[in-house]
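Listed next: structures, encoded as structure tokens.
Look for chain A in each of the two complexes below; its partner is chain B in the first and chain C in the second.
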Partner chain A sequence: MITLIILSALGILTLFAQVLRFRRGLFPVILVGLAAAFFFTSANYNTNPQVWFSSMLHFDNFAIAFSRSLIVIAFLWFMMARNYFLQETSATDHFALVLFSMVGAVSMVSYNNLTMLFLGIEILSISVYVLAASDKANAFSSEAGFKYFLMGSFATGFLLFGITLIYGVSGSFDLTVIHNSMGAHHEPVMALTGVLLLMVGLAFKASLAPFHFWAPDVYDGAPTPVTAYMATVVKTAAFAAFFRLFYICFPDMVAQWSGVLWWLVVLTLFISNITAVRQTSVKRMLAYSSIAHAGYLAMAIVSMNGDASARAILYYTLTYSVSTISAFTVLYIVSRSKGREDFGAFEGLGKTNPFLSFVLVVAMLSLAGIPPTAGFFGKYYVFFNALQTHNTGLVIIAVLAALIGVYYYFKVIIAVYFKPEQSHIPVTVGGLHQTVLFITTLLTLLLGIFPDVILQWI
Partner chain B sequence: MSEVVRGIPLNWFIILSSILFSIGVMGVLFRRNAIIIFMSVELMLNAVNLLLVAFAAKWGDASGQVFVFFTMAVAAAEVAVGLAILVVMYRNSKSTDIDVLNKLKG
Partner chain C sequence: MQTAVILLIPFISALAALFIPRKHGKKFAVATSLLALVAAVITFINFPVNNGDYQYVINEPWIQSLGINFHIGIDGISMLMVLLTTFLTPLIILSVVVSETRTPVFYALILFMEAALIGVFVSLDGFLFYIFWELALIPIYFICLLWGGEHRAKVTLKFFIYTLAGSLFMLVALVILYLHTPGSHTFDIQALYQAGRMLDPRLQGFLFLFFFLAFGIKMPVFPLHTWQPDTYTEAPTQGTMLLAGIMLKMGIYGVIRWMLPAVPQGIQQYGDLVLWLSIIGVVYASIIAITRSDIKRLIAYSSIAHVGLIAAGIFAYRSGSMNSQGIQGAIIQMLSHGVNVVGLFFVVDIIQRRTNTRKIGSLGGLRLKAPFFATAFLILTLGAVALPLTDGFVGEFLLINGIYIYKPALAVLGGLTIILGAVYMLRMYQRVALGETSRETENFLDLTPNEKAVLIPLLIMVILIGVCPNIFLKVSEPAVAKLLSGF
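After this line comes the complex of A and B, so read on.
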């Protein structure tokens, strides 16, 4: 709860910063505020679950672990995005929107009532619709914002219909009450329809195929820092909410819904990985890669295995987000200097910018899941979890999809090291970007060596 | 009046809401004008509201009706943001037809 209060207060303070002529000092204040939110969130760790608002929010270890993870990612994201927002747009409005969307994300990981799930998703989404369209003069950005808004509100309709049918079966929005009444088998058809509609709504938000078609366009058109936010914080919150709902409410119906989700995972893995191979723009390739990672994450929900699944999702989302922020920061720096986002922009980077190239290679290896990096262990835990619940076929399919993934991640590495530079435009890296790239690379390597640091959070 | 409403079987509400919801879905999928698509999304949300109120009456539980207020508040916020984005899009493309949304592809 204290997390929500700190984040909301920080958002309101950020809005006032414009009036109070406090813009220059704002950025350190936000970072200190996020650090405070992390500290106070951790204070309730391993105590009895904190129950708020007549049991609508439960801050148990799951909620605290994901809140911490979200705050860490947001902290890195702010360091990455500061320059863009200070130079290009009105920073205070957009920073405030990001902080308010964090409030939605924290509600999405700590809800114990479908009302809070709905409100959390909407608080998060509405802020991000505005952020996606924030580059007002750019037709691509407004197109991305509009598509995101349209598909997001369409998905909300399905989510709400699902919530309503579940309410019709159980007579309550409380997750525990719903779980108990689902076991009683009243109105099985209505219950199953509700569960499937909820799954469709959440699959839209989490960009699982065949409900992913908006994602590449939106990720491509939105300003690069906003894309990084959508691919990290929004995805983490969406999967935590997805897991929490199906883990607490519908474990008894796992036989019915896991078959449907199985097909969604297989479709996601193949469509995204095969389409990513054909891309010429690195930003669009990263968009498809983010959809592919949604597929691996959904595997952990298909192979529902209690806290082991939760740990796999926590570790996967955190390591994936750290590497993704790394990749998008490099993309932002390079595309800003060279004015293009295709693979050609990265050619010869290995000679001119050894630091940037090394960072990019570590990020790509982690996203591809190559052993020394954290991304490998993320996939390892998800696959291991699936094997334990006898989903061997799914693991074989996922390994094949990951092999396709290696191809397009290595295309970036080949462009960086084995192609001569053609444009000779210097790429300069600011001090703040150097710091964030140093931290993300260090985290990617260290979390791969010490995964227990994260896994013991739940 | 309330006696008359209570006399209507619950299934009728479910069928009516499902039909309204489906009309909304079809509108989103097949209409090309952005404003009409907005209206269709609103229709989907209001179909849900109707069903929520019907279920709240069935269970004699106020939380379903309170949820309707949340839905309406969120829908209002969503439309405010959506229309603002539509204005920005119109300034860039001079049209509210969603067929102009074809710059992003690959």
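After this line comes the complex of A and C, so read on.
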């Protein structure tokens, strides 16, 4: 709860920064605020779950772990995006939007009531719709915002239908009550329809195929830092919410819904990976890669394995986000220097900028899931859960998909080291970006070697 | 303790090499890899013979919640593999000529690779084994991508994805074994053996195939070999040496250490299939080698033929037969193949640098111009064709003997490898070193001191293994006996 209060206060403070003219000092205040939020969130760790608002929010270990993870990601993200928002767009209110969307994200990982889930998703989404369209000079950005808004509202519709039907069966929005009445088999058809509609709504938000078609355009059109935000914080919150709902409410119906989700996973893995291979723009490739990672994450929900699945999602989202921020930071730096986002922009980087190339290689190895990076252990843990719940077929499909993934991630590495420099435009890296890249790379390697640090959070 | 020292020396020096000034990079790398060799030789000399257990074991918890330990140790089989790795690495680094400027990154990658390879050979925890197995792939990929030939980008990516595909299936197999260990599960090697042997034969068969994909691709066994000739040809010389000299031994070692003891029922079902594939590979690769005119490709195919025979020797083993000849032969042949193939690829490198060609047709008469070089080339060639008193003979004799005990007919086919090997190797030697000099070889210079420093240790090894193989065989024998007694 304290997390929500700190984040909201920070958001309001940021909103007033423009008026009260302390824009310069704002950025350190946000970082300190996030650090404080992290600290106070951890204070309640391993105590009895904190119950708030007539049991609508439960800050159990799951919620605390994911809140911490979200704050860490947001901290890194702010360091990455500072220059963009403070220099290229004048408005600090974008930072306020991000902080408010964080409030939504934290509600999405701690809800114990379907209305709270809905509110969390809306708080998060509405802020991000605006952020996606924030580059007003760019028509693609406006298109991204509009498309995201339209599709997001559509998904919300499904979600509300689902919530309504579930309410009809159980007579409550409370997750625990819903779980108990699901076991009673009052209205099996209505219950199952409700579950499936909820799944469709969440699959939209989590960009699982075939509900992913908005994602490439939105990710591609939005300003790069916003894309990074959508691919990390939003994705983490969406999967935590997805998992929390199905883990608490519908574990008894696994047999019914996991078959459907199984197909969504297989479709996601193949559509995204195969399409990613053919991309010429690195940003669009990363957009498809982010859809692909949604597929692996959803695998952890299909192979529902109790807390082990929760740990898998926590570890996967955190490490995937760290590597993604790394990759998007490099993309942002390179595309700003060279004015293009295709593979050609990265050619010769190995010679001209060894630090940036090394960082990019580590990020790509991690996204591709090659040891000893964190991305490997994330995939390993997901596959391991699937094998433990006897989803061997799914693991084999995912292994094949991961191999396709290696192909396009390595295209970046080949561009960096193999192709000669064409344009001779120097790429400069600012101090803040160097710091964030250093941290993300270090985290990617260290968390890969010592995964227990994160796994112990839940 | 010794295990950790041998593992840490190359690993720490790989990190340190990044900070060494460019002109001292090679000296530093040679010195540190020699240090690792000294550590390995001391361990080898003090190694207790007549004891098949793991020595110098370290077992520390690593990822506790999943029962994964940092568990390393050395038995007789690992000892020989570690010795081979530490013996070849300094020579491979030394084989870089002064005129080729290599950045410290190049040496760091080689040392890093050495550390990962040693890690593969000493791991006693399934997860740790997999991590080292993949760690070895990353440096070799970058060595080939950054310093390889013209088509390197495409070829090395194919190599990477091919081998990764195999290893991911191995990981799945390891996890399935792990999930069958009792209690809260562990990746400990003995526990995995126990778990595997308890499984029903059908599942063991599947796991056998999963493992075989990884190991068969790495070796490579026909028909999983298609990445190999291109990669060997496109890689820089040092990369080819690492791949052929040490890396393919990972596959053979994996079969002996992780596959045979864990899924003994698998070999009952698919052993014959794999045995036949290996023998077909021997004949097939030999015939292709005869038709090659590029000497680097010729040696690449000869390597497939030799490895095919090693695989056949291993898969001729059947549980209960106590026929350890094939496996002992495989181990000694791994050593001698490593020595021979590194030497031969270095010879190819010397020829290519001096004449700018690798075509057999444009070469000839090197013996007249460079007698020392030609003698070294001859000894390596004889080693490769398994002449008695050279290293190749011991291994091939034991391997064919092992196959003969299982199926005499296959031993006859496998024996073809010696005849066909003599055909293409001697033919190559004859047309490259004997006869008239050509336009390209007119000004061929004899070996430089640096090149001698690489070749002489190799030649000594060729003779040493050939004349007294027992130094090595007696170290691995108790370990092999122990491995086989378990199932």
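Everything that follows uses one rule, which is that the second predicted complex is superposed on the first by the 457 of 458 C-alpha atoms of A that agree within 3 Å, B and C clash if a C-alpha of one lies under 4 Å from a C-alpha of the other, contacts with A are read in each partner's own complex, and residues count from 1 in each chain.
Operating definition for what follows: a residue touches a chain if its C-beta (ideal position, glycine included) is under 8 Å from a C-beta of that chain, and two chains touch if they have at least 3 such contacts.
Predicted model, so just to flag it, every value in this text is computed and none were measured.
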{"item": "Superposed partners chain B and chain C on chain A - clash or fit", "value": "fit"}
{"item": "Contacts of A:T47 with chain B and chain C, given as first, second, both or neither", "value": "neither"}
{"item": "Chain B versus chain C as contact partner of A:T435, first or second or both or neither", "value": "neither"}
{"item": "Partner chain in contact with A:I370 - chain B first, chain C second, else both or neither", "value": "second"}
{"item": "Contact breadth on chain A, by residue count: chain C or chain B", "value": "B"}
{"item": "First, second, both or neither for A:T352, with chain B first and chain C second", "value": "neither"}
{"item": "Which superposed partner A:L455 touches (first chain B, second chain C, both, neither)", "value": "second"}
{"item": "Which of chain B and chain C A:F418 touches, first, second, both or neither", "value": "second"}
{"item": "Inter-centroid angle chain B-chain A-chain C after superposition on A [Cα, multiple of 10°]", "value": "140"}
{"item": "First (chain B), second (chain C), both or neither touched by A:G168", "value": "first"}
{"item": "Minimal inter-chain CA distance - chain C and chain B, angstrom", "value": "24"}
{"item": "Chain A positions touched by chain B in one structure and by chain C in the second", "value": "none"}
{"item": "List of chain A residues in touch with chain C within their complex", "value": "350, 365, 370-372, 376, 380, 383-384, 387-388, 392, 395-396, 399, 402-403, 406-407, 410, 413-414, 417-418, 450-452, 455-456"}
{"item": "Touching residues on chain A, where the partner in the complex is chain B", "value": "115, 118-119, 122, 126, 129-130, 133, 136-140, 142-147, 149-150, 153-154, 156-157, 160-161, 163-165, 167-168, 171-173, 190, 216-217, 220-221, 278-281, 284"}
{"item": "Residues of chain B defined as touching chain A within the complex", "value": "14, 21, 24-25, 28, 34, 37, 41, 44-45, 47-48, 51-52, 55, 58-59, 61, 63-64, 66-67, 70-71, 74, 77-78, 81-82, 84-86, 88-89, 91-93, 98, 101, 103-106"}
{"item": "Contacting residues of chain C [partner chain A, same complex]", "value": "63-66, 130-131, 134-135, 137-138, 142, 145-146, 152-153, 157, 160-161, 164-165, 168-169, 171-172, 175-176, 179"}
